[in-house]
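In the part that follows, the structures are each spelled out as structure tokens.
Okay, so subunit A shows up in both of these, paired with subunit B first and subunit C after.
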Partner chain A sequence: MSALILISVLGVLVLYLGLFDKKSWLAPVSILGLLGAMALFISGYHIDHELLGGMVEFSAFSIGFNIGMAIITALIFFFGSDYYARQEHHVAEQYALMLFSLVGGFILTSYTSMLMLFIGIEILSIPLYILAGGKKQSLRSNEASFKYFLLGSFSTAFLLMGITLLYGLTGSFHLEALAAHMASTGTGDMVQNFGLFFVVTGLAFKVGAVPFHFWVPDVYQGAPTLVTIFMSTVVKMAGFAAFFRFIDITGMPDALARIMVLLTLATLLVGNVIALKQTHFKRLMAYSSVAHSGFLLLALLTDHGHAAGHGDAIGHTLHYYTFTYSLATTGLFILFTIAKRANNGAEHNNIFQGLFAAKPWLALCALAMFLSLAGIPLTAGFIAKYQVFLLAIGAGWLKVTLLGVLMALLGIYYYIMVVREVFVTPEEPVRFEVSPLNWVVVSVCAVGVLVLGVWPGLV
Partner chain B sequence: MENVMTAIRVVPLDHYLILSFLLFSIGMVGALVRRNIIIVIMCLELMLNSVNLLLVAFSAYHSDPGGQIMVFFIMLVAAAEVTVGLAILVLLKRNTDSVDMNQLNRLKW
Partner chain C sequence: MELLALILIPLLAGAVLLFARPEKAARGIALVSTLLSLALVLWLWYTWTGTAVTGISHDWVPAWGMRFVLGYGGIGLLMLILTGVLFPFIIGTGYKQPVGDPSLVNAMLLFTQAALFGVFLAQNAFLFYIFFELSLVPIFFLLMFWGGEHKRAITVRFFLYTLLGGLALLFSIAYVTLQTPAPHSADFAALAALHLPMSTQVWLFWTMFLAFAIKMPIFPFHSWQPETYTMAPTQGTMVLSAVMGKMGLYGIIVFLFAIVPEGAQHWSSVVIGLSLFGALYAGVIAFRQNDLKRMIAYSSMSHLGLMCAALFTWNTYGISGTLYQMLAHGVLMICLFYIVGAVSQRTGSTDFSSMGGLKTRMPRFALLFMFVTANAIALPLTQSFVGEWLIYNGLWQWDNWTAFAGVVLIVLGAIYMLYAYQRVMLGPDREIAVTDADDEEHFFLVPLIAITLVLGVFPNVILHLVDGPVQQLLNSFTSLP
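This part shows the complex of A and B:
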């Protein structure tokens, strides 16, 4: 609870710093606050707190996710001090909105009442609608922001309809009441299936699962790069934590399992196949994000048949997968910004050309992070995918796992295409300007995925 | 309060369910089909309000005030959301001088 309050107050404080024109203080103060929140989370580790009349519960699962999100946000803020260096106005608001959004993420990892699920999703999303439109003069940014807003509210309406139907069944928003009801009725009736279906639809929109993925590439491309990092990392972690909590407590009845299988198959297939055709780096990363959602959904699928609330292994796998994915994505988007600046704002994959000739260390970092996303052994991405497949085979989803493995192999192709660009030497050497802080953050991300790949027990 | 509860219970629950599903569908189809952005935002509001109607009915039938509290939260959040949405729309209007959905075509494939 104290961490939630700390981050909320920190957001307001950052707004005041902006009011008094203390631009250079913004990133340090925000990062200090995030470190404080992490310390508060760590000091409360392994203690189950119930808050707000039992509507929020901080368990080891949610604290693990929260610390992960805080670390990624801190890395993004380190990058932000350079990214916003040339922007004079409205910098404080960007930091503050990201902090507010993070609070929504914290609630999503730890809700026990569907009321808090709804509020968490809204606190997470509403600041993002504004952040996506951060470049006020850019039509693309406007459009990304508005598309995100429309589809976001659309999915919220579905989520709410689902919550209401489930409330109608049990007379309570509490997940325990829902679990007790589902255990007593067995297969369930129409209203229950509709309710579950609507809630899953709303959550699938948020994590960008096919067929609800249309906003992902557009919004990733149009939003400022820093916001794209935030959306593809923190929001994804929070979304999957929320998804897992909901799926786990319902114990996934057969009707829900059928829908989840369809979602997983479609997401794995569409995400990876369309990514093959992408030449625009941000859109490539967007489809790669959809593809990774597919692997994460496969992990969620294995919750089928568990007794309610016994998916600890799945929760741990999700945490490891999303965190390592976030590390690699953060580093790659920072390298993308560096390359984009060196190429006068071009955003296609070939802007990475000459990186190895100019900055060998950064090129090696890029290699490590791409290989991690592709899932090559010795990187964290491999361990993450391996754990997911192991869970899925253990739960008996052989055919889906087979498709997953095939798609993982397909995925290697489009990552290697970009890696190839990194090692191409163009005829005219390109000057890459790297600020020391960015160098450090990229190195941390790359070393992070390697270290976590060798010692997966660290997370 | 008890009078209101009994008044709500005069209508069978099925009727509330059908009405709110109808409203929800109208809102959904409108949001997908209409090209004027302001009407699309109104359709989204209609979807949220159909949920509110259903929540109040369920709340009265369960004699549980939780559903009505949720209605307040939904109204509050919907207001916040529409505020942001309209602000973005104003920005869009300034840049493109139109509130037509077909303006949103710069990001494709």
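This part shows the complex of A and C:
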């Protein structure tokens, strides 16, 4: 509870700082607060096991995810002090909204009641609808905000529908009750299957699984880059944590497994294939995000056949995967912003040209992070994908895994195309201006994926 | 510890070059580093007692069977010798035929060497895979930066092609690791002890073989090879053809023969058929080439096809011959590509049309080239003769028809090599202003030619190394149900 309260109060505090025009304090105070929250999580100070009448439960799984999300948010805020340097107004709101959204994320990793699932998703999403429209004068930003809001509300309706059906069956929002009901009645119940299906639909929307991915490229492209980072990292972590908690407690009956296989196949295929042709970096990262959701779904799929609530290995894999993916994505988007500024606001993949000639270290960092996303050995991305394949093969999904392996190859292709640009020396040297703080954050991300790739036991 | 040093020496030397960028001293540092590695390899050879050695064994991620185990047996030692002996020459090529920024080029070459040592030392399938893939990354940059025409497109194709095989291998490793009793282990020893059911081995063979078939390459997985070899800078081509192609053959021995022996036996006629067909096909194409470098690329593919076929004949001759030929072929490729580089440096092109009649202007170079050609067509007293003779014996024991294909290949090899020699060196003097081989080129080629002749006369030095392991392999086959 203490960490939840801390972050919520921190958000309000940041709003007040904005009121008094203390723009330079925003990032430091927020980061300090996040560090405090991490300390609370690690020390366990007033982090009760059960909260709110047992509707929220902080287990090792959720605390791991929460710390991961807090670290990524802190990295984003480090970047924020530079990103918002030229913006005069409404900066405090951006920080505050992200903090509020993070609280939603904390709830999503630790809910035990479907009511809290719904509340968590709403707390996570509503600030994002506003954040996506952060650039008020930009048409694309407004489009992103509106699109995200409409589709997001629509998917929430599905989620609620599912929760209602399941509530109707069990008379309780509690996941344990759902698990007990499913254990006693078997799997044939149509109402129950529909309930599961609708909840999964709502969650699949949040993680950008095909066919609920249509918002991803447009929103990623239109939203301010910093918000895009937040959406592709923290929101994804929270989304998959929530997805896992739900899937794991149901024990994934056959009907659900069938839906999940379709989701996984479609996401792997569509995400990777469409990413091949992307030349706009943000859209590329959007489809790559969808593609990575595919691999994560493959990990979720392996819960089929486990006894309910016994997917610890899967939870750990999801945590490792999403965290290392977030590290690489954060660093790359920061480099993207740097390159975008050097190229007068262009967002094409080729803005990275000349990076190696101008800033060799940052180019090597970019290389490490792209290779991590692509899944080349000695990077964390490789270990993450390998873990997923191990799980999937272990659970007997051989053919789906083979498709995943092929799709990983496509992934290597589109990342390598950008890596190639990094090492091109253009005719005229490009000037990349890098603030020291950004340099540090990018280096931390790059070194992070390498260190976690060599010592996977650290996460 | 010395095994770790083998990986660390080139790695650290490469890092020094990459970050300090000593333009002038770069080649010297790289050469010293490779000579150090060579000394270490020779010392390992000298102290070799005939039993498998495990140097380092360390847990990494025990839950997935990942362990950091380095060691070597007779075959591994042969591969180490191959890598150790050839890399000083590959670095040395840069003195006479410089390309790009010397610190960066040599750093990439040293990183490749570190990864290759890793591949040949790894005693854990997962570790093998990591080094196997890592060796690609520096090569990628070598080709991307300093390749020839169309380098960007060709490099990406090469990279993806080999990674396709790599990922299939990764899938297989994950699968077999999970078949070991818990706690899982991906050590080769543990994997070799698995007796997978035949129905599994039949498909697992292909997911593993794909990686090595692409690496060598074997027909029909070869389409990346000619263009990549032609486009790559000389040193890159040397690494690819002389050492990395051998990774494929080595992989077949440590993976396919150890883990899926019955699958390998089941498919051996198919593989031999493909390999021999590919060898003939590449030989015919090599004959028709108008570009010297491309011709040698195809001839390399032809030789590798023959070696792969002999490996699957399951007899002492075939397997020992292939192992011996790996070393011979490595030395040969270094010589040939060095000569291509030297000639094209003088004439400005690798096209046959820009050559001809060079012998009158460069008699000493012509003589050196003649020695190398003699090795390429496997004349007696050269290293290739020993290897190819053993290989034909092996093929003969398998079937008359494969032996017949082998004979056709000998003739074909002699035709295209001599034809190439003729088009480069012989004929009327076309008054192309070229200089004869200088001291540096003698210094490079004479030791290599000496190696071919010495090992051509005393092949037992190498064959002794692999005798034991080959017998072991064959015994494990005959004990199969």
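Going forward, the second predicted complex is superposed on the first by the 454 of 459 C-alpha atoms of A that agree within 3 Å, B and C clash if a C-alpha of one lies under 4 Å from a C-alpha of the other, contacts with A are read in each partner's own complex, and residues count from 1 in each chain.
Keep this in mind: a contact is a pair of C-beta atoms (placed from the backbone, for glycine too) under 8 Å apart; a residue touches a chain by one contact, two chains touch by 3 or more.
Everything numeric here is computed off the predicted structure, so don't read it as measured data.
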Contacts of A:L115 with subunit B and subunit C, given as first, second, both or neither: first
Which of subunit B and subunit C A:A257 touches, first, second, both or neither: neither
Subunit C versus subunit B, contacts on subunit A by residue: B
First (subunit B), second (subunit C), both or neither touched by A:G394: second
Common interface positions of subunit A, toward subunit B and toward subunit C: none
Touch list for subunit B against partner subunit A, complex: 24, 27-28, 31, 37, 40, 44, 47-48, 50-51, 54-55, 58, 61-62, 64, 66-67, 69-70, 73-74, 77, 80-81, 84-85, 87-89, 91-92, 95-96, 103-104, 106-109
Subunit A residues within the subunit B interface of the complex: 115, 118-119, 122, 126, 129-130, 133, 136-137, 139-140, 142-147, 149-150, 153-154, 156-157, 160-161, 163-165, 167-168, 171-173, 217-218, 221-222, 283
Complex contacts: residues of subunit C adjacent to subunit A: 61, 64, 129-130, 133-134, 137, 141, 144-145, 152, 156, 159-160, 163-164, 167-168, 170-171, 174-175, 177-178
Contacting residues of subunit A [partner subunit C, same complex]: 371, 376-378, 386-387, 389-390, 393-394, 398, 401-402, 405-406, 408-409, 412-413, 416-417, 420, 423, 456-457
